[in-house]
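Shared between the two complexes below is subunit A, which pairs with subunit B and subunit C, respectively.
Now for the complex of A and B:
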């Protein structure tokens, strides 16, 4: 971009793409904003009327809102914790030269390719089913009472499923980071008399700080909007025990057919995501600076 | 003390023999340079001594004790890596003190030793900086600081200057040599640069294809190369090697004459006749690359300026006392 001419050329060539993206994002956002100020129920078509901020007041004072906000944060936090705490040892293992390493890596990454609805169904019906599930069978084999996962520990069950899906992602990012760790640095630590544990604490872990940040940021974006796993397994229940913000908005719009308050909820979710992002970047984002 | 002895050391990676039996005696306090072309096994030999690779056969003695089964940290050696291998997230202080911390020293003692090492290397103002905030030469010094602070029996240097620019390299060369003399610690230094080898070493080990070709002081190697390989490798520009009649007259298969031992005669008829292909005038020296017909290209060096140019005919007369003779298998013939 050295000359004025190339700058002009670059901008003209970029304009269509940027313009399209802008429209693509701004139209739904504007429509959501518009709907959020209407009384708009699908059960009563033609009765739309302007109600100001009434929908927001309704959504924010709904007792379901605080419960689902809490569920959202617990879900995001737990899955982040699980994927990173399990991802690091898994990545360390996969970094070792073993026979069939490539095959093992492929198998470990596989869950990431399974679509959320399918994996949730597999967990629900084949693994966690209190009568015919694998876990129930295992419990019976060792003489325990099978756990009725989605009734007794619904949120924990959802966390398990989501963590299982995201563990490969964390492992993969951490594994590539491990492979970029300079071999000579490890050898220098070895010459300096560091044990395997010390090398991990003083050399490997600081090296992983940046990829861990990346994992946290990217996973958070997706985990704030977990929906399919909840929809397929618990439907937000029992009660509100597994309802997160995304599921709450869904139930406003398509169970209660209240488009107005669902739109307000959607905007609230955008604000929450921004607040979370703000704190995340404050806490872990400095790792990303050069 | 830091006397290192290699006895029949061998190393193979699978079917590939990298080191084919090395015997070497390194005296305490000496500066030994391993030199050779790339792939000759010099770095592997250094890593074997360090303990970063396991030997396939033979033994390595440090102060008379066989260390082949001793882990690297327990051998009492320290190493300066080619990439420096500084810990990027630690300050200079943390980098230099890491080995001491791992050894479980007290904090004030670590600080005292780190500061002493930093003072020796003029690093005191940079102690709190991170490696990425340092220049190449400073990083190099931190890597050396990390090596000296542990007061090892010997330093191992793996091509430590190859990432520096030419001017800095000369400066660091002098600094490393002076530091080693000052500390009196044994040092083993790997390089592919024969100028570094000649200038820094007390003794040079010339390696080729996993074998030690010759072990001796720099001038010994220069004046009495044991074979054709050493003759060609040591000295810059390279020694002229001539086969055929001229060699047969001296009773050898090949004779070698260094460029500086060829007398340049403008209009003489004796010696080797040829046409100058390229003349390099450096002011202090003049290098002539002479096309000598059947003898091939010959290089001659003249101390000072000599006004000869490409296309001029010259004759080159070798100094009879400085002719190296080699037999058909490449070994030196002694009178």
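Now for the complex of A and C:
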């Protein structure tokens, strides 16, 4: 049993971390809340005045907000869909007896370690350039008209880049889960004459339900705040076509210097993320019991 | 044990896996190849895949024109510094929660996790203004501090899940033999915790190295790590693909190697222990 002395020690070891995280969480958030009630522009210092909920009304009724909310949802949804729908067959393939599997796995996981600014710029220039990019050349080889990616389908281009970055994560997690699947169970099903398809539907897929949930929740948290990929490729444009919530708040804060409405937007982003976090914390928390 | 694997099945899945693996890896390979081309060849249509004039001049140019080494050093200091400080704060906390849990330990852990859910844009404005007030914009120390706090919850969580797997019996045996807490820590706990510490260190180095929200927003030149430096290629003049590729290859090479070593821990660390 823990003595009073060790209890005291344990508490004092925990205090620095808890204290720092508490300050880190509460001070900026309190300031954001405070700024969100002010008319506060960095271009016009000294003119700060209390405006109540005016910034929220401005931010939420701004057409840019609805456009960027829609872009955010499309971006998150498409990347989730792509990474999971491609990740499952890829993980199943890598779970097969493959010669040189470790090397293939290294190739598959590699994009996850590439910094976002590098992947975005390499895709934008070397691959997606409408004249000299590799995709344009491939299109010409097979007799198609090259796509001007960032002008014709800007949001889809960003989605492709981000999906490429996150496909390895989904694949690796699903593969890890597949490898922990009880082989005997599958063998027994095969002996009983189950087809490969029904083995997949009735044994493999239920086993993957939990890792898929984890992939969805963790990717969502990161995808809600995609920033660098937009920053270096489109700058949110053309128009508002690739502006997501994160980029909208950034541009209000550091391009238009409107501290008040950027703060209101920041709080909206926090609320959206908290809805997601609520579910993640519950699932991970359940795992903690085990 | 092993399911029967017919030769045909091995051949088909091997070809398939290598094909798709190569496809996913290709953009990185293409970038590395472009870094050894001249600017004209990098831009040329039709592209040359292997039979071009190999040159390393881009690597020299990148260093000469833009002081690549300064930014690489910034990345090392910022990623390394923030990770080490986070470990120093996290080790005692995780140790305490793993070995002297109280009723509130689970709540504290979940609360720590929830701070990671806060989107950085939500606090961009106040952090930017605070940094401006205290002259921390474009400073290494400012970035070390913010990345350290940003990754602290993940560090604590990872360490906690590793520490919890250390068998209690061994600690009790050590205590029975009269070991003090200090000796227990040095001779019993540390050797058993080193694998977990190493993988936590590795994963967080990678996360901090590639972090591209705070680094882009809070640094411009002097303290700019590689993420910000590469971003400066988004508005270039003239032919720049080969130089962009050379700078990018240098920026991702070290972390790619570290990443390949840590892929097992990656799953565990990024899912907070939910998938092992």
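Before moving on, here are some points about what is shown:
Please note the rule applied: the second predicted complex is superposed on the first by the 262 of 290 C-alpha atoms of A that agree within 3 Å, B and C clash if a C-alpha of one lies under 4 Å from a C-alpha of the other, contacts with A are read in each partner's own complex, and residues count from 1 in each chain.
Note that in this section a contact is a pair of C-beta atoms (placed from the backbone, for glycine too) under 8 Å apart; a residue touches a chain by one contact, two chains touch by 3 or more.
This one's a predicted model, so the numbers in the text were calculated from it and none came from an experiment.
Once subunit A is used to superpose the two complexes, subunit B occupies space next to subunit C without a clash.
Once the two complexes are laid over each other on the shared chain, residue contacts for A:73 go to neither subunit B nor subunit C.
When both complexes are overlaid on chain A, the residue A:259 reaches subunit C alone and has no touch with subunit B.
Taking subunit A as the reference, the larger set of touched residues comes from C, when subunit B and subunit C are compared. Contacts of A:90 after superposition: subunit C is touched, whereas subunit B is not reached.
By the touch criterion defined above, A:202 lies against subunit B but remains apart from subunit C after alignment on the C-alpha atoms of chain A. Contacts of A:182 after superposition: subunit B is touched, whereas subunit C is not reached. Contacts of A:98 after superposition on the shared chain: subunit C is touched, whereas subunit B is not. With the two structures overlaid on their shared chain A, subunit B and subunit C come no closer than 6 Å at the level of C-alpha atoms. Annotation: subunit A residues 187, 190 touch subunit B in one complex and subunit C in the other.
The touching residues of subunit A, when paired with subunit C in their complex, are 2, 6-7, 9-11, 13-14, 16-18, 20-21, 24-25, 27-29, 31-32, 35, 90, 93-94, 96-101, 103-119, 121-123, 125-127, 131-132, 134, 136-137, 164, 167-169, 172-173, 176-177, 180, 183, 186-187, 190, 210-211, 214, 218, 221, 224-225, 227-228, 231-233, 245-246, 249-250, 253-254, 259, 262-263, 265-267, 269-270, 272-274, 276-277, 280-281, 283-285, 287-288. Subunit B makes touch with subunit A in their complex at residues 50, 52, 71-74, 77-79, 81-83, 85-90, 98-99, 102-103, 132, 146, 150. Listed in rising order, the residues of subunit A touching subunit B in the complex are 182, 184-185, 187-195, 198, 202-203, 206-207, 209, 290.
On the side of subunit C, the complex with subunit A involves touching residues 1-3, 5, 9-10, 13-14, 16-18, 20-22, 24-25, 27-28, 30-31, 34, 42-47, 89-90, 92-93, 95-97, 99-100, 102, 106, 108-110, 112-130, 149, 152-153, 156, 181, 206, 209-210, 212-213, 216-217, 226-228, 230-231, 233-234, 241, 244-245, 248, 251-252, 255-256, 258-260, 263, 266-267, 270-276.
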